[in-house]
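Paired with chain B in one complex and with chain C in the other, chain A is shared by the two complexes that follow.
This part shows the complex of A and B:
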C-alpha cells in the first residue's frame, strides 16, 4: 500500500496520522524536537530554517490553542504565517475546500496546517497538492491529531525516558478522542509494554482491546501502580444523546482526585491535552499539583510542531533530488 | 550512499592525536579570562572534550566555560537537502554576551559551517569576539572566513573528503575518502 505520508525514499512528506509512521520517523521527530526545546530558552527564540516559506493555518473548525501553538512554532522557524479561520470566510460563501487550497497555492503557500471537523480532510488536501507542498493534520474529526499524540509521547519520554519499562493509563472519553488512538499506536510502536484505558463502556470504542490495550472500567483497579496518567477531556461538544448520567456523576467515578492519584506510583506524572474541565475529569488540586505536567505539555507542543515542520519543509521533492547528488552527509565532518 | 567511494589508507595522513597536542599548545595562550570554548558537533565537540582535559589547569585558572553547537538549524543547504536526520541540542550554558568565544571544529573546508555557527551564536547574545580553531585546514574555502589556529594544513582535492572519527577506545583518527563525483559534500 502506498503510504501518502512518506515519499518514495521513506522520508516524511505529510503528517496525517501517527498510524502508518515507522518507528524510525517517530524517533526522528522526537529527537529533533529535543533539539528545538533549547531554542525557546535563548535570547532569540528563532532559527532561520523556514525563512521565506509561507505556512497557511487552515482552520475549518475553531481551536485557539492548537492554532496558536502552530503559529508560534512556524514563526520560531522564521516562516511567514497566515491563519485562516475558514469557517467564517469563503466556506460560508460556498467555496469548496480544494478551491480554497488552490487559491492559497496560487499565492505560493508552502505548507498547510489543517484542522477540520470531518475525518479525512487533511488526507484529501494532501492527495490534491503538488509534490513541493506539505500538509500537517492538526486534527480531523474523531480520526487523528498526530502532533498532540507526538507531544504527549515526547512529554512522557522527557519525564520517564525508559519507555520499555512503563505502565501508562489513558483515562476518560476514548470514544470521542482523536488523540487516544494515535497515542496508543505511538506508545506501543515505541515499545511501551503496558497501556491501559480506563473508561465507562459507553465511552470506549467497540473492540478497543484490538489496539493492544488493557481495558478497565474501574479507576481504583486501573490506576494501580501506573507511571503515567493521561486524562482525556470529556468532549461535551461531541457528545450527542445521554451517554453519561451527569458531569458530577462522571467526576465521582472517573474524575482524577488526590485520593485516586495515590493509587498510582508515587512519582507518576499527570497529563491532560487541554482544555481542562476542572471538576469534571480532573480535580483542581491535581491539575495544579506537583505531579502535573500539563503546562510542560504545552511548551513541548511547540518543539514538536517545529520539528515536524522543519522535517517536512526541507529538501527537494524526491523526483528532483537525483540532480543534487548524494543526500548522505557524514556526521563527523563539519 | 555515495557512489564509488572507498576508504583509501593514505600513508601521508598525519596522526590526529599528535595534531591534537600541537593544537593544545597553540591554543593555550589564547585562553584568558572571559574566553569560552564552543565545540561544533561532532568532531569539534570531541576535540573540545580532549582539550578540556589536556589544558585543565589553564582552563580552571581562568574559569573558562564551554558549550556545544549543532548547526543543523542554520545550515545553508537546508532547502536542498533538508534537515539532517541526526541532530543534537546545542548547549550554551553560559552568557554569550561580551565573551571571547573560541569555536572548535575538526576539518575546516568551505567556511559554511563556521558561518552557520556564528549565526547561531549571535542568537544567544552578542559576543565580544569569535575566533576559530581547527585541527586541519584542508583548503577550499568559499567564504571570507578562515581559522586563526590550525594544527596542520593539508590541501585536498574537491573529490576528497576528510573527516575525524572517534574509535571505541576514544582515540581520534583522521580519515580520507574519495568521491568519484566531484563536490558531493557541499557544506563542510
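This part shows the complex of A and C:
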C-alpha cells in the first residue's frame, strides 16, 4: 500500500492527512511557514511562487474561515484562485464529486483545496487526479484537517519551542473532530511526550488511546500542569440529545473557565480552532484573556497554508532552516 | 448422452468420498461413481487425470440484481459468473426492486433464470412485506412459487413482536428464516467496525455488540418458537461463541460466514478502499480467527460468497457514501481453497462447506454426487499453493 501523499522520492505530493507523514516533512512545512510569516507584514504582501497557477477551492461543505485563509494564502503566493461552494451548485443537481473535479481539471486547475462532509473525500479525489495536480485536504468528515493540525503545532512552537518537553490537553468533542485527530497525529509525530484528551465517554471514539493519547474524563484532573490547552468546538446539534444532556451541563463539566485554567501551568496557552461557542466550551474571559492565542492561530494559518501550497506546487525545495524564530509573548496578537 | 469422467480425484463430502474414481453420467444424472454400471457405453470420455471432481457449488447468498437493478448487473451476466466460478446452485436475497414479496415476481425470476440454462436459482422470499418488518408476507404462496426460505436481507425487524410472530408462523410450516444479526440502532449510519481503524479514519463504527444483541434476540425467540433459523454472515468472535452455545443447547439453527470475512479485516480498508465497504463490516484479526475456528469445528455450517455486484460509479465515492458490496461468485471456490490451505483443513471438509452443507441449509437437491442426482459438478485443478484452474 503506497502512501498516497508522497511521490516515489518521498516528497509531498498531496496533503491529505497528518497521519502517515514523516517528521521531516512536518518540519519542512513548519519551517517554510516561518519564512512566510513576514510576508504579511510587508507593504506588498505577495511572493511570486505560484504565479500562473490556478488554485481551486472546492468546498462541498460550508466554511468561512478556512476557505478565506486558503484564498488569502493562494493570493499571496500570486496564484489565480477560484472558490466554489459546491454544496449549493452542482451537487444539488446530482453531479458526482469526481464529475465536478473532472470539469475543473478540464479548465486546467493546478491544485484543489477540498472540504467535504465525508471522511476520505480528499483521498478519493487525490486518487483520481492526474499526477501534475495536487490536492490539499481542508477537512474531510471526522477524519482529518491537516493544515489546522499544522497551524496549531506552529502556534505551539511559537510560544513553547521545546515540543519535547510539553504536556498538552485536547478538550471536548474528539469523536466528531477531524481537528483533534490531526492535532494528535501532529503532536505525537513531532515528539510531544504527553498528549491528553479530556471528554465524556460519549464524545470519545472507540480505542482512542491507540492514537497515543492519555484519556481523562475529569477536567480538573486532566488540566493539571498542562502547558497547552486545545479546546474543540461543540456542534450545536450535539448539545442536547443522546450525546449530552444540555449545553449548560457541558459548560459546567467541560467548559474552560478562568478557575479551571488555573489548574494548568501558570504560563499555559489556550487554543481553539474556531468558530467558538462562548459559554458552551469556553468562557469569554478565557477566550479573550491574556493566555489565549486563538487569534494568532488564525494569522499563522495563512503562513501554514502558503507553505503547503508552495511546497506542493511552487517547486520549493526542502528547506533546512535552523532558526525557528523568537517566541512571541502570549496574547501578542489578541 | 452418456459421459464417463475417468481418472479424476473425486471429492464428495456428503458421501465421504475422497479418492480416485470414475464418474458415470447418463441423461444429465449421475448413474455411478466408481465401478461402471452394467452395459454402460459412454458417448464421451473425459480424461480427468490430475484433476479434482467435486459437486457443483451451492452459494447461500448471491445477488443477481434483477428485477430492478439491471444497471448494476444482469441476470445473465451473474449466472454466467456463477457457472464460471463452479457455482451450480445459488440462493438470492429478496432485496430487489420491487422486493421479492409477491409470488408472481418469484415465478418470473425462476422462469427467467431457467431460460438461461446456467445455474439453478433458489429465491429467498421477503419475510415481511416490502421488507418493512411490519406485516408478514404470504409465505406459503411464496413457497409454492419457488422460495426456499425467507429473509429480511440487510433490513432488521425492529419490532420484536413481529419477529416473534414471523418465527411462529414460519415454524408452523417448517420454513427456514435467513436472518442477518445486526441491531439497527447501534449500527445506524455505521460503515466500518467500531474499532481502531474507524477511529483513525473518522468513520462511523458498527460495534460488535450490534451483532451480539441482535443474535441474543433472535436466538431467544427461536428457542421460544422452535423456528428453524439460519444466521447469515456472522462477523464477530462473540457471535461465533453464541451460536456455538445455542447449538449445544439444541436449537434448530445454522449459520454461514462470507468468504470475505475469512480473509479480510478492518485493516484492509487501508486508505478508504471502498471495495471493503461491506455488510457486516470487516472486523478484527481476532474475529477473523474466531470465524475460521468456528468454521473448522462446525459451529459455522457454510461459506457464502455474499456476491453483491455494484457498478463502478457507486464505488467511486467517499467511503460512507460508496455502495455496500463486492462481487464474489467467481471467488467462492478459490477463497475457500485458500482458506483450507492456510488453515490445513482437508479438501473434503472445505468443499463440504460450499456444497453439501449449504444445500442442506436450503433444503435443496445438489451439493453431492449421489446416484440419481443431477450431474452438477465442478472439475478443478488444485495446486499445492491453493490456486486452482477450473475446467469447463
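We adopt the following convention: the second predicted complex is superposed on the first by the 309 of 334 C-alpha atoms of A that agree within 3 Å, B and C clash if a C-alpha of one lies under 4 Å from a C-alpha of the other, contacts with A are read in each partner's own complex, and residues count from 1 in each chain.
In the analysis below, contacts are C-beta pairs under 8 Å (C-beta built on N, C-alpha and C of every residue); 3 or more make two chains touch, one makes a residue touch a chain.
Treat the numbers as computed from the prediction; the structure is a model and nothing was measured.
Of the two partner chains placed around the shared chain by superposition, chain C is the only one that A:119 touches, whereas chain B remains out of contact.
In the superposition on chain A, contact is made by A:44 with chain B only, not with chain C. Residue contacts after overlaying the shared chain place A:189 against neither chain B nor chain C.
Residues 1, 4, 19, 96-98, 116, 118-121, 123-124, 128, 140-144, 178, 181, 205-208, 210-211 of chain A are the ones that touch chain C when the two sit in their complex. Residues of chain C that touch chain A in their complex: 194-196, 198-205, 207, 270-272, 313, 316-321.
Within the complex formed with chain B, the chain A residues making contact are 11, 28, 31-32, 34-39, 42-44, 46-49, 310-311, 314-316, 324-334. Residues 1-3, 40-44, 70-74, 78-92, 105-107, 109, 113, 119-120, 122-125, 161-165, 175, 181, 183-185, 187-188 of chain B are the ones touching chain A in the complex.
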